[in-house]
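One chain, chain A, appears in both complexes that follow, with chain B as partner in the first and chain C in the second.
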Partner chain A sequence: MTDVKLPFLAQGVEKATITYWHRDVGDSIKEGEDLVELATDKATFNLPSPVSGILKEVKASDGEEVRVGQIIAKIE
Partner chain B sequence: MILDLGLIDYEDAYRAQREFVNRRKLGEIEDSIIVAEHKPVFTIGRIGKMENLLVDDRALAEHGIKVLRVDRGGDITFHGPGQLILYPIIDLKKRRRDLHQYLRSLEDVVIRYLQGCSIRAERIYGKTGVWVKGKKIAAIGIAVSGWVTYHGLSVNLNVDLDFFSMINPCGMKDVKVTSLANILNKNVTMDEAKVNILFHFNDIFNLGGSEFAGRRCTPLA
Partner chain C sequence: MQDAAVPPWLKKRLVYDESMNTMKEALSASGVATVCEESLCPNLNECFSKKEITFLILGEFCTRSCGFCSVSNSPNLKHTPGVCFKGNMVDPDEPRKVADAVDRLSLKYVVITSVTRDDLDDGGAGQFVKVIESVRLVSKHVKIEVLVPDFKGTKSSIKKIAKASADVFGHNIETVRRLYPIARRGADYDRSLSVLRLVKELRQDQITKSSIMVGLGEEEQEVIQTMQNVRSAGCDILTIGQYLRPHKENLPVSRLVRPEEFERYVGIGYDFGFKHVSSGPFVRSSYFAQNIYESVMSLASTHKQRTLGTIFFIEKIGGY
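Right after this comes the complex of A and B.
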């Protein structure tokens, strides 16, 4: 199981809002494909999946704020 | 690479951006920039609210304006003829992985371009974009996929500013907009603006390539 964490996005930015999951739980994803989109100020950030596998769990849904470093999904 | 799409539908330019992003990720192209001008369209970013669109469907149809939900940051904005659009496709992994730093760099491009036109422009903390005497002249909204950028910035050259009265630009009620033509009291051609802004873009982002061998803006005043 691989934890997907929200990486550093910008200096001074500690949180971002989840705006769109590109995959649902149970879907497969390849390494490098966009997994989830987050928004901060005038930027949206598409986080690529760090591994290939099945999306097992998402820790936050659309509209929720997450912190840099926080685990937001698990992929197996 | 510079891809100048000319006057083009928003959706077509979006498709071109996505293709460039994929090719950039695969290493098929270098950092690039897509230049465009759009037919009238309101676009609403991911966090945008419909309530910032102040007119009904009938008014939209009357003016031939489309409304599109898009995957960039920010709220609602207008694009139309007389507005210069830049969509940089840049791999920030090879530069600095900082989304806000990138926003500031885009602001710098416009500020320096306007400086060359003898216009003093500034940024306002917390209000991404470029401002002249409190009025917005350039809007910025970006997206990245795997740290490769798309979407970008729009600069009002001689765009019809009346369109902006149909929205709360960027979701802010008190925002006033302006244009180069409005400030200089004369028209600025799209071609001249392109050459000059690309010069400053290359100065800041250092894309290299002879295509950017533009000239500095000759003061228009």
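Right after this comes the complex of A and C.
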């Protein structure tokens, strides 16, 4: 099981808002494919999956804020 | 729901990299500032994962208050346009600190920029030279790109920098002539062109570079005019990117420039004779700086340069 954490985005930016999950729980995903879209005040980001596998769990839904370093999904 | 207001080409792809923390720790241990962090750059995660950094020297506070910039101009009144802070000390240990960071991270290519220091007699040119010399002492092979302010057009300052023989001399025109009073108060369009022209006169083999932001209220024709002016000042490398507002106090984004327009600037730029043109939503003046420098150095024929520059541009767009 791989924990997907929100990486460092920018200085002073500690949170981002989840705007879109490209996959639902139970879907398969390949390493490097977009997993989730996030927004900060300045920009919108796509976070690719760090591994190939099945998306087992998402820790935050659309519109929810997540913090840098926080586990936002689990992939197996 | 996907945010319909953000077009697909403005969604930045993040990079997973555990070395990010090492990078931040090294920068913090050396006690240096980076413009990557101060400007809230959307490319930071990508660039840091490739060990590409732009150092910000001469203190945290700028004596100007450009409408697009997030660097503080006062210790108390952060991001307040129109208020300048004067008298912050130049750190005599800064050249060593930057060299220490270069050494710790084994950097092969560094970009050094600064806040504008209208309060200093030489505008900080002497400090730039000391930093360059200090970095060269720890690494003979490191390539150095400087991105300097206009030094209020002071020739002796520009001469100091030219004599320090940085591998690339950058000075950003930033925006079109008409928007200077709004976006670059305290700066002067013709003066910025003269900075680029002067350094080329002083050192003919100096590679020069400039950058334009789009989305500040300019029209395409004005961008083309600016490109032509910059090229006429002898500039070799041009970068063009989308302005994104760092704070709500900064100038609003007037428009989101489409990839087709960015691509048109690539073709026009090469027709004007630039040796390299990078143009795209997330292009910033130091973005892929090492690759650009290497492509300019290694390619002799105009045809080859054009092909490579365009491919570089498409690759950058492709991922978004």
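Going forward, the second predicted complex is superposed on the first by the 76 of 76 C-alpha atoms of A that agree within 3 Å, B and C clash if a C-alpha of one lies under 4 Å from a C-alpha of the other, contacts with A are read in each partner's own complex, and residues count from 1 in each chain.
The criterion applied here is as follows: a residue touches a chain if its C-beta (ideal position, glycine included) is under 8 Å from a C-beta of that chain, and two chains touch if they have at least 3 such contacts.
Computed from a prediction, not measured in an experiment: that's the story for all the values here.
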First, second, both or neither for A:25, with chain B first and chain C second: neither
Chain B versus chain C as contact partner of A:71, first or second or both or neither: neither
Partner chain(s) touched by A:42 [first = chain B, second = chain C, both, neither]: both
Touched partner set for A:10, first chain B, second chain C, both or neither: both
Which of chain B and chain C A:50 touches, first, second, both or neither: second
Common interface residues of chain A - those touching chain B in one complex and chain C in the other: 7-13, 19-20, 34, 37, 39, 41-46, 48
Complex interface listing, chain A residues touching chain B: 7-13, 17, 19-20, 32, 34, 37, 39-46, 48
Partner chain A, residues of chain C touching it in the complex: 1-3, 6, 10-17, 20-21, 24, 36-38, 40-42, 44-45, 48, 244-248, 320
Contacting residues of chain B [partner chain A, same complex]: 25, 45-47, 71-74, 97-103, 128-129, 140-146
Contacting residues of chain A [partner chain C, same complex]: 7-13, 19-20, 34, 37, 39, 41-48, 50, 62
